[in-house]
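Below, each structure is written out as structure tokens.
You will see chain A twice below: alongside chain B first, and alongside chain C after that.
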Partner chain A sequence: MNGLGLRQANSWLHTWSGLLLGWLLYAIFVTGALSFFRDEISFWMQPDQHASVAHAEAPQRAMDAMQAMAPDASLWTITLPGPRNPTTQVRWFEQGERRSKFGGQSAVLDGTTAQALPVRESRGGDFLYRFHFELYGMPRLVARWIVGIATMMMLAAIISGVIMHKKIFVDFFTFRPRKGQRSWMDAHNALAVLALPFHLMITYSGLLLLMFMLMPWGVDSAYQGDRQAFFSERGNRKAAGEHMPGIERTPAAPTAIAPLVRQAQARWPGGIEQITVTDPGTSQAVIELRERGAGSLLDRGRSERLLLDGATGAPLESPAAVKPDAFSAIYNVFSSLHLLRFADTWLRWLFFIGGILGSAMIATGMILWVVKRLPQRRKQGSHLGHRLVESLNVASIAGLPVAIGAYFWANRLLPVSMQARADSEILVFFLAWTACLLHACLRPHASAWREQLGALALLLALLPAYDLLQGAGAMAAALTHGSWVAAAMDLTLLAFSAMAVAGACFMKPGKATRAATQPSASAKRIEGVAP
Partner chain B sequence: MPRKPQKLSPAAHRWNVASRTVLAVAGGYAIAAAATASLSLALPIPRAQAVMAATLLSFALYCTLIVWAYSAGTARRAWAGAALLAVLPAGHLALRWATT
Partner chain C sequence: MSWTSLLLAFCGLALLALSMEKHREQVFGDRPTMAPPLALTCAGWLLLGLAAMPPISHHGASIGLAVWTGELSIAAITVVLLHTYAPRWIPIVLATAAAAVAALALMPF
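Then we have the complex of A and B:
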């Protein structure tokens, strides 16, 4: 910028690129962090299934249950109980029915007894996952472009944020509490630097996941826009288990699955995730076992598969793994790190915390924008733009979590037999968010913070209490069988409730405004292990 | 490199910011897109890999151009630098388009 040095110019870029889409980026980060636990949240939103516990005999019992439920199906898929969901989820397709990911008929079976469990209509964690990159209620392509542009601005904000710092390492060890603007600045710096590799990785990989939409010009020039040719040249695999028509179906007794499962489990440390049976109960039956999680990120964490004869259990030729080239491998590593399908529970937590730190970094940045301009506002009187930023800050930073809390409550309170129940849960989410926006516009700034954070604390803390009153399935499964998926979510809700209480206490009326006017000369530098 | 701070009038400042923003957003994307298309054709590796490599890099290039658009001493210099960078990929693509 004219008359500005490199650091000041980047500071300008950082401030405005951050502010313009900060609220959207915050929503993308929060829903993205929660999406690392998409399956766990979906399971938690099926409270009638919480008592399910995984059992070693689950594969055989599920196969027997399928034999009873869908003997004439053309395809069974059985997703076995695992660390992210202790139920068995089955899906089957009738003869001639088109096989799609969400088509056919489905059921959820108890992980031990293989009895069908009640399923309530809910989008569960999938709603938050879709919102993360497709928002809601708009054409998918438009939404992905909006999210892609926001992600590009995030990248620019991160890079300019790094350049504007003379002493990034010293700044990391600087915290000056109770100094208003300086404290917000220090908190923002610490959060940003602490998880900088995560922020960079997750932002860049987010762009890469959308790259053929955002930057199609390479495919366009080298392949004249023929994407099919590009993807097949890059070595995409065909879907396994394609049905071959015209073959006579000869009934045949199925082989026992337990020995096959034992063999596969000896080979795969993570065990088996899914069993697919094509033409079950016939002599042409093919069993496909799919590994749970996979060691290598180079092939996008794609798991190994074993093909077996469904009648005899003899191994068939399994599809050979394709070795990706170097650049596809780089792409695969980045996208695997973003999608995190391969990860175990601990890595999942680490990334979740990274996502929460990122959300907090964006939040402190936007609060800093407001606090920095407070002295000027006090001198010059109120300003519509400033008030707008204040209100939007509260409505997004506190309001979005409140809306998610309301979404969880709708899942518990709406009648199970209700029409369009899943949509009603989402409606409650948006109603709560709109209420937060109105509230933030109508109430004084500090009160709006306090009240919304207080409401959030109550919403989150009372959810586990409500579940306990309704029959403590989650706690029972955790304490008697060590099946912690739903109980861990309850404990996480309590932890976030405590954080909301801390936030509400921190936002005492007038505190932020008082602190912001303290002379900066009195700010004492507290430096840790400065180099 | 030491520069004399230039003080711009508010109107000039607005034009300055607008000019750099157009360069950052539209110019940056155009150059990144041209570089991706050009490298996809020019890199001496199999075609699919060249496309992957060029596309993977495109966002880093775009981001660098955004930072450059605001960091350069004057808006004129920012545009000149970007134009210089665009010559090679644009020339390559134009030549190819003319010959096929």
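Then we have the complex of A and C:
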């Protein structure tokens, strides 16, 4: 009896916390899954750069270009072409300018020719990434609290879901289609159970990442409020080449970078990610090479660095690698699993699919809430609350992807010279989402599903077609040089378009009424099976 | 390397499913099968363990285990979809996957 009570209590918690926070959690999961490809999406949203291809001589050519563009700068940072972005991104700071992460001046260079490429004003994948944990248009702290509470409820929903699941091992590989409510239940269970390690890990690590923001008191009391000191001590990172004022700048010819790069590449299998030059073109110049990626989660993918004399190329004393303590190691494992900074393409795809499975799990759960209550609604007539849940389900599950598709289209169609262009792209995103909400409220339930999924399929399928018409830079880079970043995104859009078509066909007219009559029949079957 | 591990995970999970009465019926119907369920279970778990080896040896334990669990999820979803929509194809798919694992293992790098 006690066990039954526990199971029922869990069921109640699972149902209602899932319903209340489901829409928000769905948005967090979808934007989070896309954030695994944040850099790739940002690159894809710069169509004028798609033809760029990485070249072995990129470091030397970028150094030469910097010498021409910013000879008097105090600092250059050169991010070399890599598997996630085939362009060279450069940033430089004038003498005496404060060196912040996004300050100074920046440019994007072609990965082969090192010619400056046009940059269109866009937030790119960063908008989706920020939305994932800070939503939009509200104070950062409030938004993070909301996301933090939703994450806690997600963890509770996962655990209560496992407890209330009656036949977790017997039904492990079971999916029974075309049986109304039973099928939704099977789909929800399979999506949850089969990717359970991923769901648990991603939710728990997300909570851990937000923990330092939500509950900073321990850190604050130990570090007297200087949280920056805590993080820099934990990360053991110091800004490259702290500026020393009052030293005379003596011009000196820079050393050739190519031999230094070869030397570093022989040492690091992943190659070099970034070159930083302090006081370039002087005798005090220092070149810092940073390794791309790293081998273990325990040190949060921290990469090795090499310091070299900028005039002679002679090695200087390099910062020693620090072994993390046990607490840092655990925090590092979970936070880097969540942020995935270290990952190769294979793991990035695995996690992306995990995120999509999680989104689908939440979506099927919310649809299940509606389907389960349909027979009752049919008997007792319509109910405002039920109608509201139906509409919000369509507007979030189908509407959010439509809004993201509209955001991508805005990136292509808004004039490049437009004022506040990046904000306008985001405005289009929210306008499209609002339109989906209104549409879902005004149209019958099944039609709303079908029309929004149909619109999604069209939006996504036509994007690659539009790019081809505008000049096939992405395809050319992929087919002639094997540089697949932008082309892979186009193919992914087509795949999701196909899924939207499948969803729209599934919701074809007549199906809704058939599905509605079935739950009672399948409910009898369930009663027949389970004593 | 990555594909070897994913295919091994698929073979392991497919064998585990076949060790269950109701899924064996889906795949073979009334035809008797020679392999006893216990042997299928053992072979299935063995393959799942083997599937963890390539990513661990390539990435180290921490990233390797993350890769392994991700691959398990995708393999499991594939097994479920096959059982639902093409149960009779499972022996052929299983044999092809096993052959592919052998081919990948013998391929010179």
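Simple rule for what comes next: the second predicted complex is superposed on the first by the 488 of 531 C-alpha atoms of A that agree within 3 Å, B and C clash if a C-alpha of one lies under 4 Å from a C-alpha of the other, contacts with A are read in each partner's own complex, and residues count from 1 in each chain.
Following the convention adopted for this analysis, contacts are C-beta pairs under 8 Å (C-beta built on N, C-alpha and C of every residue); 3 or more make two chains touch, one makes a residue touch a chain.
This structure is a prediction, so every number in the text was calculated from the model and none was measured.
Q: Tell me which of chain B and chain C touches more residues of chain A.
A: B
Q: Per the contact definition in the header, classify A:197: touching chain B only (first), chain C only (second), both, or neither.
A: Only chain C; A:197 stays clear of chain B.
Q: In the superposed arrangement, which partner chain does A:342 touch: chain B (first), chain C (second), both, or neither?
A: second
Q: Just chain B (first), just chain C (second), both, or neither: which does A:325 touch?
A: first
Q: Check whether A:357 is in contact with chain B, with chain C, with both or with neither, and answer first, second, both or neither.
A: A:357 sits against chain C, while chain B stays out of touch.
Q: Mind working out whether A:6 is in touch with chain B, chain C, both or neither, as first, second, both or neither?
A: Touch partner of A:6: chain B, not chain C.
Q: Examine A:407 and indicate which partner it touches, taking first as chain B and second as chain C; both and neither are also allowed.
A: neither
Q: With the two complexes superposed on chain A, say which partner A:163 touches: chain B (first), chain C (second), both, or neither.
A: first
Q: Quick one: is A:207 in contact with chain B, with chain C, with both, or with neither? Answer first, second, both or neither.
A: first
Q: Using the superposition on chain A described above, determine whether A:333 touches chain B (first), chain C (second), both, or neither.
A: In the superposition, A:333 contacts chain C only.
Q: List the residues of chain A that touch chain B in one complex and chain C in the other.
A: Touching chain B and chain C on chain A: no residues.
Q: Which residues, counting only chain A, touch chain B once they are in their complex?
A: 1-4, 6, 9-10, 12-13, 152, 155-156, 159-160, 163, 204, 207-208, 211-212, 214-215, 217-223, 230, 233-234, 325-328, 330-331
Q: Can you check the complex and tell me which residues of chain C touch chain A?
A: 2, 13, 17, 20, 22-23, 59-60, 62-63, 66-67, 69-74, 76-77, 79-81, 83-85
Q: Can you list the chain B residues touching chain A in their complex?
A: Interface residues on chain B, with respect to chain A: 3, 5-8, 13, 16-17, 20, 32-34, 36-41, 46-56, 58-60, 62-63, 66-67, 70-71, 73-75, 93.
Q: Within their complex, state which residues of chain A touch chain C.
A: 170, 172-177, 190, 194-195, 197-198, 201, 295-298, 333, 337, 342-343, 346-347, 350-351, 353-354, 357
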